[in-house]
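Note that chain A is present in both complexes that follow, paired respectively with chain B and with chain C.
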Partner chain A sequence: MKRLMLRLLVPALTLVVWEIAASGSARAPRPSTVMQTAVRMIANGDLLFGLATSLGRVFAGFALASAVAVPLGIAMGSIGALEKNLDPLVETFRPIAAIAILPLVILWLGTGSMSAVTIVAYAAFFPVLINTIAGVKRVEPNLLRAAYSMGVPPMTRMRVVLLPAALPAILVGMRIGLGLAWTAIIAAELAVGAKAGSSGGIGQMMFVFYAYSVELNGIVVCMVAVGIVALILDRVLRELLARAVPWSRA
Partner chain B sequence: MNEAKISLDAISKSFGPVTSPVVAVDRLSLDIRAGEFLAIVGPSGCGKTTVLNMLAGLDKPSAGTMTLNGRPIEGPGAERGVMFQDYALFPWRTVRGNIEFGLIYGPAGQGLSSAARDERVSRIIELVGLNGSESKYPHQLSGGMRQRVALARLMANEPEILLMDEPLAALDAQTRIILQDELLRIWGQDRPASERRTVVFITHAIDEAVFLADRVVVLSSHPGRLKRIVDIDLPRPRGDATRKSAAFADLSQSIWELIRDEAYRATMN
Partner chain C sequence: MASSFPTTAAPRRRLGGLLVYLRTMGLFVAAWFIVALNVPNKLLLPSPVDVALALRDSAMDGELFDNAAVSVVRLFVSVVAAAVVAVPLGLAMGRSRLCNDLFEVPVELLRPIAGIAWIPLALFIFGIGHRLPLFIMFYTAFFPLLIGTAAGARTVDERLVAAARTMGVPEHTIMRRVIVPAALPSILVSARLAVAASWTAVVAAELVGAPSGLGYAIEYYRSMLSTPSVMAFIAIIGLCGFLTDRALRRLGAVLTPWAQTEQAR
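Let's turn to the complex of A and B:
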């Protein structure tokens, strides 16, 4: 009990100082006003609808990215010539932030869900790819040799030895990818939000608060919600990962 | 019996660039007889593992010919099974999953109904003493248990020729003695010679080679060359009485003297 009090001391103190410091301004968000806004946004369903819209795009883009990055990563990790050829291309695009391809994406795909999903897929693609390549390359060669010595055909070896052996690394890549995808969707929706009404999602909601209603409390509510969802996503994925690969201590 | 099952004729194996190759095995000629327990010993760097990998069809010789029942060895085959030094167990498969692996995905299980497969796997689990551990994962097992799983996985495929690379090297002394006895039992030392499998057993432990084998092949190192083939005429079945016998000690000592100088040189350098 005493320990719990000590742990909550700093956060509680921060809230109190924030409340007092911001009380002089009518516009500045304070814990109390943010709380009121949060209750209202949850009650009328706006917050959950926004989050659901954004999450839907994240999962779609993430699934798209994984569907391409995992097979490509396996191929690049197991075929040296392919990796040598594609690696410069990958390393050139990898440092380009997802938000930096936004102008092109909007020009080509417009401001709707397609654009948002594309941005997300781009953001999630690289961590999944890089980790899959590394995972495949780190597979203990004797495991493949053991299967080879038992006369297991090549495609079967890939499916029943290479894939499970690389799975822990692939899942780590997916966890990182999903985290980046969530970061990217907020940025993408914020930017696309200039054309209000066509995109939706939590990012666009923030844009509306910023540009139209100038509702600072709402922005803070969205920020906190984004953080909480990221935390939950990561925890759920960690748990799934531990269950999917019980033999791995990753 | 006594007809050569595997013949190595002037086998050489080099690694590295063509301009400055490292010769691991140099013109090794050897006949391995059907049903015999053949041990290969030698100091580190004598190419023991390389020889075994070539027999398994995992590596190709740089020169020379290698035949099995008169046909050239060009790759792995169902009649040969390998047990790796590090066991190479699949960490995501249970004990049972590892043992039945070759029967499910390899040619060894062709024409075997799933009931017959389960029956065989259960029998082998019993044979190597893994009852009760079938659903454990390799990381939950001790070194000795893992070694049994690797042996069981090899046995399940019922290969005629067992190729074993220092299978007991990672074990403590007691476990090692127990598993030596078990290995001889599984190989069939109580049965007539015609019913035994062929074993090629790599080890760095001279006493282990003498205890187990019909013949001990002694290799020299850098490059690996055939130094001597020593016949081990200790009576079978062998057991603790063999380990205590003077003949056992004499044979071990004479083989040690063959490789002593090289072993010292390798250790001191």
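Let's turn to the complex of A and C:
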């Protein structure tokens, strides 16, 4: 009990100091006004709609990235020559932040959902690919040799031996990729909202609060919502990891 | 980490790796060139030659270097500032239950909120200028460093600490001579994560709200519809990210030669 109070001491103190410090200004967000705004935004559905729009884009882009990165990673991890020759491309493009290609993507695809999905796919692609390659390469070679010597056909070998052994690493890559994708969508929507057009989503909502309605409480509500969603995504994938591959302690 | 311990075969292997790199990237550029020839609108896909010319032009008039220097200095300042706060706090959280109890909940509450999500609020507080990207990068670098340091300090071999205590070593010397060196590999790995994350954040922050830097430059050239320059600056962003990561790996190899096994990428 005492320990619990100790753990909540700093957050509680921060909220109290924030409430008092901000009470002088009419516009500055305070915990109490943020709560009121949050209740209003949840009640009229704005917040949930914005989050759903952003999440839809994240899942679309993430699915796209995984659909390419997992097979490619398995191929690169199991065929040495392929990895050697494709690795320069991966190492060249991996350090380029997804946000950096945003201006280019806007040029090609406009300011709509397609751009956002592309940015998300780019952000999620490399963590999934690299972890898949690493996972496949770390599969115990004796398992593959044993299956080979017993005459198991290649496709079955991949499905029954390779995939289960590499799955923990692949799922870790997906967890990292999904986290990056969620960050990237916020940045993409913010930047797109900053430039032109109406694309929707939680990031653009924040930009509208910033640039047009000057609603600081709304911005804070969005920030907290972004954090909660990030936490839930991470927890869900951790849980998935534990359920899908109980033999791994990743 | 093949480069850490040079053997007799290493130089030849490195040369072979370079050849493979050049061959793959040569094929990539050739493919890009052919595709660009068949795209009628030069604005959409300029050829590699145009991009190289744009790169040369901005390098010649110094604009490239100026913007890159601004962004890299911002990265350096904010990551060092974050480390100055996060590393001592992380050590304290890793070694003392009281500190951990006090700060764990606020850290776990703040950490999921991406630095990029702070941009609108920070625009209000700091306005457009240097302080916005510095704040965003500080925030982004802070949590990986804190978590990594705390984890490193927590997993120090307790027998080492006990041995030092038995021999009457004072607590602050234990911290300096036992705990910090033991946690250093973990701190350096988290520093690499922190730098990579804040390099992403600086581009986003400059794109939205800074009058200088690489992120600003690509956004400026996009509005000018100068696609070759946009691509040139994107390449520079990638190059700077790559070089800072290399530098940190090298730092890790120099500072913690005992921990240079396979590192998480």
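In the analysis below, the second predicted complex is superposed on the first by the 246 of 250 C-alpha atoms of A that agree within 3 Å, B and C clash if a C-alpha of one lies under 4 Å from a C-alpha of the other, contacts with A are read in each partner's own complex, and residues count from 1 in each chain.
As a working rule, a residue touches a chain if its C-beta (ideal position, glycine included) is under 8 Å from a C-beta of that chain, and two chains touch if they have at least 3 such contacts.
These figures come from a predicted structure and were not determined experimentally.
After overlaying the two complexes on the shared chain, residue contacts for A:Ile219 are found with chain C alone; chain B is out of touch. When both complexes are overlaid on chain A, the residue A:Pro246 reaches chain B alone and has no touch with chain C.
When the shared chain is aligned, chain B comes close enough to touch A:Val160, but chain C does not. In the superposition on chain A, A:Leu9 makes contact with chain C only, not with chain B. Between chain B and chain C, C contacts the larger number of chain A residues. Of the two partner chains placed around the shared chain by superposition, neither chain B nor chain C is touched by A:Leu171. In the superposition on chain A, A:Val139 contacts neither chain B nor chain C. On chain A, the surface touched by chain B in one complex and the surface touched by chain C in the other have no residue in common. The part of chain B that touches chain A in the complex is made up of residues 56-58, 76-78, 80-82, 84, 86, 88, 90-92, 101-102, 105-108, 137-139, 157. On chain A, the positions that touch chain C within their shared complex are 3, 6-11, 14, 84-89, 91-93, 95-104, 106-108, 130, 134, 182-183, 186-187, 190-191, 194, 203, 206-207, 209-210, 216, 219-220, 222-224, 226-228, 230-231, 234.
Those residues of chain C lying in contact with chain A across their complex are 20-21, 23-25, 28, 43-44, 98, 101-106, 109-110, 112-114, 116-121, 123-124, 199-200, 203-204, 207-208, 214-215, 218-219, 221-222, 227, 230-231, 234-235, 237-239, 241-242, 245, 265. Considering their complex, residues 140, 142-143, 145-152, 156, 160-161, 164-165, 167, 245-249 of chain A touch chain B.
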